[in-house]
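Just below sit the structures, each encoded as structure tokens.
You will see chain A twice below: alongside chain B first, and alongside chain C after that.
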Partner chain A sequence: MKPFLSSLIWVLLNWPSLLYAGGPLVVVIHPGSSVETLSREEVINIFLGRYRQLPSGLLAQPVDQPAGQKASFYKLLVGKELPEINAYWSRLVFSGKTKPPQQARDLAEVIQWVNSLPGAIGYMEADQVDSRVKVALKLN
Partner chain B sequence: MAHVPWRHSILLRTAAIVIGVACAVGALFIAQTLRVTSERTYARSTAGLSELIDTVESTVSIACFVTDQALALEVARGLLKNIQVRGVVIAAGTQELARVSRSSDAATTNDANLAPLERKIHSPFNAQEVVGMIRLEPNREEIRQLIHQETRFFGLLLVLQLIAVVGSVVFIVLRTVVHPIKTMSDGLHRLDAAAGESLPQPPGHAHTEIGRLVEDINELARRMVVAMEEERAVTRQRELEERKYRVIFDNARIGILTIDHTGHIESYNPALFYLLDLPRSSGGEDPGFTLQSLSWRQSSLPQAMILQCLDNNSPMTDDLELLLDDGTVRWINLVLSPVGENRLQGILADVTGRKQAEAAAKQEAVTDLLTGLSNRMGLERSLESQIHTHLNMPGRGFALMMLKLDGFRRINDAMGFGVGDLILKEAANRLQNCLKASDTVARLDGGKFALLLPRAFGEVRASMIGQRILKTLAHQFDVQGAPLQLGANIGITLCPGDGGDPPTLLRNAQLALDRAHNNNHHGFTFFDTTLAEIAERRGVLETDLRLALRREGFRLFYQPIVDLNHHRVVGAEALIRWDHPQNGLISPDDFIPLAEETGMICEIGLWALESACRQLLIWQSAGRGDLYLSINVSGRQIPDSLSPERIAQTVWRYGIDPSRLVLEITEGVLLNNVIQAQHWLATLRDLGFRIYLDDFGTGYSSLSYLKRFPVDTVKIDKSFIRDMAADNDDRALVEAIIAMARSLRLSVVAEGVETLQHAALLRQMHCYTAQGFLFSKPVPEEQLAAAMARIEAMPVELL
Partner chain C sequence: MMKNINIRQNPQQLLTLFKEFLMIHQGAFHRGRKPATRGQWVLSVGLLLLSLLPWQASADIPLPLGMTLRGFGTLGLARSSTDQAAFIRDLSQPEGIVDRWSAKFDSLLGLQANLQLADPVEAVAQVVSRYHSDGTYQPELMWGFLKFDPNASLSWRLGRVGTEFYMLSDSRLVGYSYVTVRPSHDYFGGLPYSYVDGADVLVTLPLGEGLARGKLVEGLARENVPATGGQFNLNRSQMLGGYLDYQIGSWQWRLGYSQLRFHNELPALLKLDSALEATGLPSVQSLVSALSTSGTLAQYYSFGTVYDRGPLQVQLMFSQTRYETASLENEWAGYWLGSYRLGKITPFAGFSWSQTSSKSLETGLPPVPRLAPLNAAVASAMHNARSDQHTFTLGTRWDFYHNLALKAQWDGIRGQPDSVRSYRDEQPDWSGHMDVFSLTLDFVF
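Right after this comes the complex of A and B.
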């Protein structure tokens, strides 16, 4: 009885965040970029430092949201939790060949980053998208 | 046996075998173990390398994902730190990210077991996507070294274990089994059982199989020693006996030889030559003759004996005559016994003496030793040969006489056998003197002789010879100075007239002799066929008599005895009658002599005694206990058949007073055996029985007899009574008898009183007891009472 009750309470309390976390995220790029859409593979390669290059040939400059949306993003993208992603990066950092994406402090910074750099690439919730960014991929 | 060389020693052999087998098995085991160890070590190495890859896989995956050479190199170097890794190659797709390897390496890559370990590397974010590969080159040298080390270690361990185990086993086996056996073996080798030594018990083996083995060996040795000693004693004894028998063999008086089946003599003793009357030869050599080649009279017999002996495999013996050079004959008894292998042992003995003795004995068998005449067997032989001669050359026949000296037995009894023998010799002499040499005289038994007279054919000649013989025997015999008069009777039979075979002739002569004897006047009688008929009748009568005895064919008749004075019956004489089924009643005169001859009189007498007692009992019951009954006793019944005890017992059984039973005897009865008769008489009289002397006057009737034989009553014979009315002599005789009896205080019974005159005369002579037809003839029991009543009713004045 008791474990069931406590889990029910937990679900009710976290309802909004759960809903939020499961909400659609979109990958956005510079609005003026020649690239219109990106594949999931391309997004993974860019964000996880494999190829930092857009299909257009531009150097891709990814940016991460703060922790909350970042975890959701990676979860949706590669199915990994944030600590795993961090561990991944810590090993690559050692060789210095590639770097993790730029860490933004908030959404505004992300928008500004994407809007200001032609090779920038970020992500946000679909309803946060405005004209300053261009959606390249919807993540479900 | 020699000492066991060390290389054959059981110790060494056992140790070598145990070690060899253990090493072979151990080597096999070790090889197998090493192979397994090597495989396990390699597998472990491979697993180790695989695990090594596992630990770096995620990093390698990242390095390949991002084609980070620095990271790949770092990982590869790290891997190379493992001694078992010789080289590492990491590649992302076609691009080689890192390749490192040890420099000091001249690897042999052809080792299939140690192929490089390659694994595909998947993307860290997509398990399906292959982003590269990693290949580990194993450090073959190192792994091989490791395997070597491992196997060497285990091998060494196993070898050491093997050595320890084998050593222990060898030690224990040698110590507990082999060494005791070797000690035993060595001890046994040196053992002198005859000296009483025995094998020591190995320590600690008292109750094991080895201990038992030692005990058994000691026991066996002891028994062997005993057996050997016995064997030695037997051998010694045998040698001794061998010497003894050798001496016997050499010095024996009998000939000993061995021959083969052809009669060839193989060995012999010196006595053989003496025995065969041959020149002496040194023993052991071929004697120069065979058993058959000797001068035997029965020349084929030795060969036949040899063959028969071998065929039957049993000893044979026979007497052979050996003809000697000087013309004499030596009897040799030859015994042949088979001794196996177709050989025979022969024993020869000189039996000439025995043969002569046998011939003499044969002669004796047909000779009467006392008189030197033939005996019965000799007579029969002569008779047979005489008949044989007669049949071959029929002539006028011959005579056979049988002669019996009359009164010989009496003289023998009275004067002893010495006198009898002298008389027989004298008679034999006289007989031979009045016969020819061709005649045969034989003594048969007692005073009986037989004469076979080949020339006495026909009755005339036989009568002449018979007369001559009777005459010569009628002369008195002077024996020991006492003249004795004997007569003889002769029976004569003629051959072939009376018979043609010895038994018939002998029987005929006997019958003729019996007839002559019965005539009793010292003469001779010729056999005629009536004699044979009489004999045959007698035979029939005898059979009937036996039958009568069995079937109670006899009856007692009673003749009353009367007291003339008191005119009453005082008793009766019991007279036996034979109720013959065909011939009717037969008087005792016709069958008592035969019964006496055959001995049946004894049973008849007993039957008469019983019947008389029964009659006395009847009288006693009828109130006539005063009557007495007399029965006649024959000489054959005295003393044993009708013994005083028997009579007394019978009378007692019926409850009869002994004085009621009278026993009538004749004088002749008493004369047969005087002493026994006297005793018999005295005993009966002591028991209370009365004795009547029957037929008085007909025999010797001597006064001295009356004195010697104490009787109660004399019965005057009926012949005197019958004639006394007409003959004065008889009357005087009767008177004398009565007077004499009275003077001896004997009572008198007159027999055969037939007329009133007889009775009157007797009364005048003061004889008052009588029996006879005047009163009653003998009557059967059922008529007795009537007869007695009639007698007592007779008018007194008649008597």
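Right after this comes the complex of A and C.
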């Protein structure tokens, strides 16, 4: 009974990311960054504006993809839907705290952002990665 | 997308719509404070809905000179099951919800401009039009500060800053940011303070696997609180506060402390004091000073925890408030709220309570019939802020469209007839029991 109950609770808490049907997403940083890998917790802190510092000491500058991939990213990262992420940001923005990540219009803008700023951090599908960015975490 | 581009080119349109909204409500509430007619409400609701359409595609409206303009608002309808007492959202409201549908008490509109000055320096101003202490929708400057973030760990703000007496209390007006229709009436209802003119500093540091935060704020209160016999003017009351917070994984815990040193007297006391002094009895001096609020301390202790994982969110908060003055009763309050998202629908359930304890005070007035009315007036002054009730809450939020949420909620308030702190216009037959039904549309842009 107990294992059943705990697996039920686990499913109830994790179904949004379990139902994720897209390909794997990767978190990418500037190719010249001294950072090699980031933990999931560090990426959460940066994208949710809790603590925006890279392990190298640089200020992290996150960028979001347009709606489709953005929804997949937050579902994989924290199991939340976009309306919840928007609600979260409306609380922080309208209480004068941190700003949400920069909003890119397309993949090209994300690549340009990550490639041109030493503290930049973004995400994309694994097969969209090229030499202009460096993979720091794989999400799936 | 076309419409979106229009707004980007013409942010003036947004301001014009906001002005129209304000004109309607000022017109309705300024003159004799009559409720708006149905026509006026339909017009303003329509205007607001219309004004929403072009904004849905973008959260930010970039303006020239590195400025962004954003907004939030609520169109709210509510009614209660009784006219024995009027339900208020918090102590800043002079009138409240009775047994007729009204859009007056939860509807609001906020506009915020952020201006990036230099890289780590930002100027922020937020204006909100809501039903507030003077019974109008006169816009107020809720936030207006310069923010300086020299690094990821430090954030200074100087100017008009929102107060965080309790966890989440600095975003009480942003309905879109939480699941319920309004913040818990039992827990947040006793907080009429929205902002102080002063400064705050927030420190964030990694600690173990999580993040530790500490905040300090100091400033002067500026607001008024409608009270028995007039407005309780909080102006120049000094506020000092802070919290320690730890966040790890899905958990966040916070311990908070705030204090306010009242600068002014409660309006009801001014009248009572002169009546007491008119007796000529020497003993009334100590009574007058025990009842006095001016120069006395109000202390707010709080503990809050949030568990937030995927579709589940649970909040549990406690607070204790202590007043030096004998005019205000000490309070113990708390709430529990749980929500679980199923696609676009998020049902929620909560339980809250608010319990004050009466203070005993030797009036020193001899028990002669001539002084009986005065004795009664002292007793009544000491019970004006009495609260003894609990509330069951059930409701649902529906995120039916980008940046728009519809909510429906029932609150079942079960209290004692002498629980009057969070109400206006209590009638002699007030039973302490009330059901409140609410429907809101929250939006951000």
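One rule holds for everything that comes next: the second predicted complex is superposed on the first by the 119 of 140 C-alpha atoms of A that agree within 3 Å, B and C clash if a C-alpha of one lies under 4 Å from a C-alpha of the other, contacts with A are read in each partner's own complex, and residues count from 1 in each chain.
Just so we're on the same page, a residue touches a chain if its C-beta (ideal position, glycine included) is under 8 Å from a C-beta of that chain, and two chains touch if they have at least 3 such contacts.
Just so you know, these numbers come straight off a predicted model, no measurement behind them.
Of the two partner chains, neither chain B nor chain C is touched by A:Ser116. In the superposed model, A:Val78 lies in contact with both chain B and chain C.
Shared-chain residue A:Ser34: touches no atom of chain B or chain C. Of the two partner chains, chain B and chain C are each touched by A:Ser95.
Which of chain B and chain C touches more residues of chain A is settled by the count: it is C.
Shared-chain residue A:Ser56: touches no atom of chain B or chain C. In the superposition on chain A, A:Leu48 contacts chain B only, with no contact to chain C. In the superposition on chain A, chain A positions 50, 78-80, 88, 91, 94-97 are in contact with chain B in one complex as well as with chain C in the other. Across the interface of their complex, chain B is touched by residues 44, 48-50, 78-80, 88, 91-92, 94-98 of chain A. Of all residues in chain C, those touching chain A in their complex are 59-60, 70, 72, 110, 112, 114, 124, 126, 143, 145, 147, 151-153, 155, 157, 161-162, 168, 170-171, 173-174, 176-178, 204, 206, 209, 211, 247, 249, 309-312, 340-341, 344, 399, 402-403, 405, 444.
Those residues of chain A whose C-beta lies close enough to touch chain C in the complex are 12-17, 41, 45, 50-53, 59-60, 78-81, 83-84, 86-91, 93-97, 99-100, 103.
For chain B in complex with chain A, the residues that touch the partner chain are 59, 62, 65-71, 74, 124-125.
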